[in-house]
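Going by the order they are written in, the chains are A, B, C and D; count residues from 1 in each one.
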Amino acid sequence: MFGSSIGNIFKVTTWGESHGKAVGVVVDGCPAGLPLTEEDIQIFLNRRKPGQSPYSTPRSEADQVEILSGVFEKKTTGTPISMLVWNKTARSSDYSEIAGYYRPGHADYTFDEKFGFRDYRGGGRSSGRETIGRVAAGAIASKFLDSLGIKLQAYTHSIGPIMIDETNKDLSEIYNNPLNMPDASAALKAEALLREMMTAKDSIGGIVDCEVTGLPVGIGDPVFEKLDANLAKAMMSIGAVKGVEIGDGFQAAFAYGSENNDAFYMENDCVSKKTNHAGGTLGGMSDGSPLRIRVAIKPTPSIFQSQETVNKQGENIQIQIKGRHDPVIVPRAVVVVESMAAMTIMDGLLANMTSRMDRILKFYETL
Amino acid sequence: MFGSSIGNIFKVTTWGESHGKAVGVVVDGCPAGLPLTEEDIQIFLNRRKPGQSPYSTPRSEADQVEILSGVFEKKTTGTPISMLVWNKTARSSDYSEIAGYYRPGHADYTFDEKFGFRDYRGGGRSSGRETIGRVAAGAIASKFLDSLGIKLQAYTHSIGPIMIDETNKDLSEIYNNPLNMPDASAALKAEALLREMMTAKDSIGGIVDCEVTGLPVGIGDPVFEKLDANLAKAMMSIGAVKGVEIGDGFQAAFAYGSENNDAFYMENDCVSKKTNHAGGTLGGMSDGSPLRIRVAIKPTPSIFQSQETVNKQGENIQIQIKGRHDPVIVPRAVVVVESMAAMTIMDGLLANMTSRMDRILKFYETL
Amino acid sequence: MFGSSIGNIFKVTTWGESHGKAVGVVVDGCPAGLPLTEEDIQIFLNRRKPGQSPYSTPRSEADQVEILSGVFEKKTTGTPISMLVWNKTARSSDYSEIAGYYRPGHADYTFDEKFGFRDYRGGGRSSGRETIGRVAAGAIASKFLDSLGIKLQAYTHSIGPIMIDETNKDLSEIYNNPLNMPDASAALKAEALLREMMTAKDSIGGIVDCEVTGLPVGIGDPVFEKLDANLAKAMMSIGAVKGVEIGDGFQAAFAYGSENNDAFYMENDCVSKKTNHAGGTLGGMSDGSPLRIRVAIKPTPSIFQSQETVNKQGENIQIQIKGRHDPVIVPRAVVVVESMAAMTIMDGLLANMTSRMDRILKFYETL
Amino acid sequence: MFGSSIGNIFKVTTWGESHGKAVGVVVDGCPAGLPLTEEDIQIFLNRRKPGQSPYSTPRSEADQVEILSGVFEKKTTGTPISMLVWNKTARSSDYSEIAGYYRPGHADYTFDEKFGFRDYRGGGRSSGRETIGRVAAGAIASKFLDSLGIKLQAYTHSIGPIMIDETNKDLSEIYNNPLNMPDASAALKAEALLREMMTAKDSIGGIVDCEVTGLPVGIGDPVFEKLDANLAKAMMSIGAVKGVEIGDGFQAAFAYGSENNDAFYMENDCVSKKTNHAGGTLGGMSDGSPLRIRVAIKPTPSIFQSQETVNKQGENIQIQIKGRHDPVIVPRAVVVVESMAAMTIMDGLLANMTSRMDRILKFYETL
């Protein structure tokens, strides 16, 4: 039961249930001297806040972050950064009914079996609210990476069958539509689809892409701590994610070596690659090309149609889920994907500092 | 640089380079009293051995495992199990040429940048021979899981565009063809494709599936140590893997909630699911259904066509790779995928023992 | 920088500075179903609360704990337990002067060098208030151990030269005097000594003992995760601890093998030991005898005498520390020692569940 | 059961039983580019080799190390360094008798209880031969530290009541006597005592000191990963160690604050300390003064006198241990203590590189 921490050096521990007093995170291992304010965190949290579009839950929570430790005179001190968000508008009564049965597609049944009982209110620990801690940590990691010139950008690639048109991709569009798509026209079509879903009391899945530029070469380790392996874990640890790809991903399974190999060439005295099928890693280490990560997100399991399931007494029953549920998870997952990528890369970047004697000697000689 | 260990309780540490003295593994955390012999390990190693088909390298190594510690009177003792395989027929001269340039699709460049230099012989640490340690550890994990009634089966799902026919799938066929496909007819087509590849001095990718049955409910933890998250990391840590799916994977991104949700129902007094789109996990914990894992494997990067690249002096050059290289990685990766799944599941299963007070009290009261 | 977490399975992460908003702890890995209330925690916290005697700081903080997550219907849920205590009466102005120089015996200088600057208010992260998180976690571990019949008792063994009389030891006396000594007469003498210290503007060190009974055999692992090794780390991680002994400790360095060996014999069909020089461990594993731990605690470094030191400008200066400081750390350290022992033992006890195949098979067969 | 690994970044995993095929170690996390040969390791191993004096076992093993991986062209490559020593002269028959009973002071009983059975030959995993792996790893760490100007020196401080005379201490004497004492005259007295012990079929304990100079300020972390805490764990993980002190250790429990505080002053523009009661750490971080570590080592538990114990059938019996056993552990423990200190410090030094933004930015900007 080590469930709630991730990272070797930049270590992130989230805590909290959907309808407990608060949700939060402790970030240990952030270097001292990084400028940091609650506003830096809030900007990230606002990107995942509910109630921002007709397609997300109207729960109008402020989700205002408080930094409780680890920051002094607006800089990180090198000690653990504890952050929390109070759970304000929790209406537990909405959920009391679900205490007794197992919602399809949810963790109710597995929680009960593993732990003997569960905090059933609002999904408890498996609620999307757990990602508040992840995003708060991701905001720190992003700020750190930014100071090294490393930029991350996640966005919605598709909702159901509605994909962005790669030839029409415009990253500046991402925040101009409620679905975080870098293609205004695709966003309009996807919105229409979501309205259909709501009418049909149904939901739909989608795909999130994340691109990272500015990474130095050599982040990640050769065997089990490969950068792509840790990214895969980080992504698959997000509740609704069912698949992860690096670079061409499953397309590589259909490719010839002669097309999948990215040829090296010199560009401005730097080793560069003519293509980037690999998606920015070779042998588990960053290769200097943009990192390309893609994740598949399942449809919201809470739908308003009648569903078959069983109750705790072991009877087959018919249920109808109430409450507030988005017809799609994807747009709000975008900042979570970006956050998980940021913390994974930051962790790898810190670990990388110990890889070479020449650099270590130089580091300690110039202190 | 934590690169070479994986697992929290069942901890596996591989070591060794392709053309060093030996490759091996230390397995720490295996419970005492598991019957184990070198033969148990050898059976697994033989499944990944080269030279078993026209499509794998003719390097005729015995790859004979030696258990050096942790086993006494044919049972594990609870202490670290150290195993090694000597590197016998290493012909380093084959590789001396590659010291000076970076092969496309390989880790040569990233290794040099990260570590300042590299053991270039045969790919060094990034060689497929590193997986010998993984498979030896996987053999132990499989034996452990088998004693609890948990069975794993990995196989080749596709090579390039040649997929098995699900309606024709026959697991007993897996070892009857050199490609480890559970469909004799697909295997014949794939063999033809591989002969084409060899003629064209090219290579091809493919997909490996792994199914696990008999898992108890509740293996894996709710947040970062999700069973699927750890499986994703374990899979993506295999050199050539570019994508991982659990259950329907990327298909879930196109599905409606009403079809993707697996309805629960009672069967023989057990909670069961009518479908298994989820692939055996809910909320990161095993749900009692078969676990379904799918990984995408890129084409062998070592191809015999002329390729563009750069050398260490920063010049654009043209290279032609020599030596022994398979036109496809997939068939030999099958047992590696199965091994990584086995150790990940075993680790989760051991961790799960501490999840509930009632079970802990019972455990300690009956000692 | 992994500084703030301890434990492999029962993982404790403390956070917070003396004069930040709050101090707290996240406990991950506590089994589900342990009855737990804020009152359980508060009882432990009250044992370390300041202002309880003339020899401890009059800072009259309530130190009231809040459980923010991981407990539902008065039982732990198996998810992280987040607890905090608000810092209410922090008067930072008391401390502004110390920003510019390095107090002897404190971490001011090392903090500045390691992190570039520090939160100097009240000792920041190195304040004794950090132990609030430890004690809150220790309260949980103690409750867990108690349910298995394992009892811990720490107490003051000596303050300066005033030791308890072993022939007069009465554990029921521990809470009857402000020094937590199990010997009323020694306590009176020690109180007199402390009054002398206060008059002399000086401080004094002392020794804390901790005894643990009811431990099953086999807790701890044979090599690096020895129970005594983890106890030594846990103890030495307490700010003022300078020495740790298990059993006879340094006395064993002067003993003959023939006297130091504890002879085994049968008692009521159980393997028992005639003596307990070893202090309850053999080969790093608990042997069924009482565990005996002893720690040396240095005198409070904050004394009111004039002291020599340097300031941040690199000048030799003379300082006089102000504020509220105890003449002795020992009595308030007692519950911290007990807490660290409790969490270390609980961690070992959970890890021990995976040591034997026969027990694992039985565990999983009876689910 | 994580027993056999230590270290967060410089990770050391030992394996092997006294009478198995071999003993060894895998060192993961050693930076690339450190010059390293088998000779470097052998020099350290020779310091712990048996049969070097009348007071150590005559088992005349070569204990010749083989490096199997991680070194190429006489430099470390950044990949795991696997090293082993074959067990050549194992005469298991000497030990067959002890299979059935529990030797006092040994781990026989706890092993049997924890794991259900044990490899009883020569102490199995609890044999002193396990330290071969530690010393091999320590040789690497020492070489690394040496390249940064950090020097370690451990030595025998006392054997039973015979202590070195601090005023007579001469570190150049350490290798001139078989007891590794830096005081020739004390060594002679101790040798006389050991001859007495052998005649009396008894054994005796002692104390090992370790001093470290040249450490930069700031190694170690403020809370649980304190340098002294990790040293305490490392030391107490050595089989026969029963106590650990940093600096004045237990003496500090009897000291006044006014004498125990080390006054800072400026010396050659550097912050220095007038005394070093603290032993080189403040707040868990190195303070630039020499590190002083002291460990208590119990007498050899294998003595040739008749002893009382029990057998596996639960009968009280009388035993007489046969075989080869030293009358004192201390001299051969010296290099083990030094090795454990070296690896702990190296680990802390690598971790320290990530503590400050200004240094990280500089590190990455100059790559």
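The criterion applied here is as follows: a contact is a pair of C-beta atoms (placed from the backbone, for glycine too) under 8 Å apart; a residue touches a chain by one contact, two chains touch by 3 or more.
Each chain and its UniProt protein: A, B, C, D = Chorismate synthase.
All of these numbers come straight from a predicted model, not from anything done at the bench.
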When B-C is set beside A-C, which has more C-beta pairs in contact? A-C
Of the other chains, whose C-alpha centre is the longest way from the centre of subunit B? C
Starting from the mean Cα coordinates of subunit C and subunit D, work out the distance between those two points in Å. 26
Using mean CA coordinates as chain centres, what's the gap between subunit B and subunit C in Å? 44
Rounded to the nearest Å, the gap between Cα centres of subunit A and subunit C is 38
By residue number and range, which residues of subunit C touch two or more other chains? 1-5, 8-9, 14, 29, 31-33, 78-79, 114-116, 125, 222, 351, 354-358
In the complex of these two chains, what residues of subunit A are touching subunit D? 8-9, 29, 31-34, 76, 78-79, 144, 147-148, 216, 222, 349-351, 353-364, 366-367
Residue positions on subunit C within touch of subunit D in the complex are 1-6, 8, 14, 102, 104-107, 109-111, 113-116, 125-126, 130, 158, 160-161, 197, 202-207, 217-218, 221-226, 228-237, 239, 242-258, 260-266, 269, 271, 274, 278-279, 281-287, 296-303, 305, 307-310, 314-316, 351-352, 354-358
Along subunit A, where are the residues that touch subunit C in the complex? 1-5, 8-9, 11, 13-17, 20-24, 26, 28-33, 66-70, 72-73, 75, 77-82, 84, 114-119, 124-125
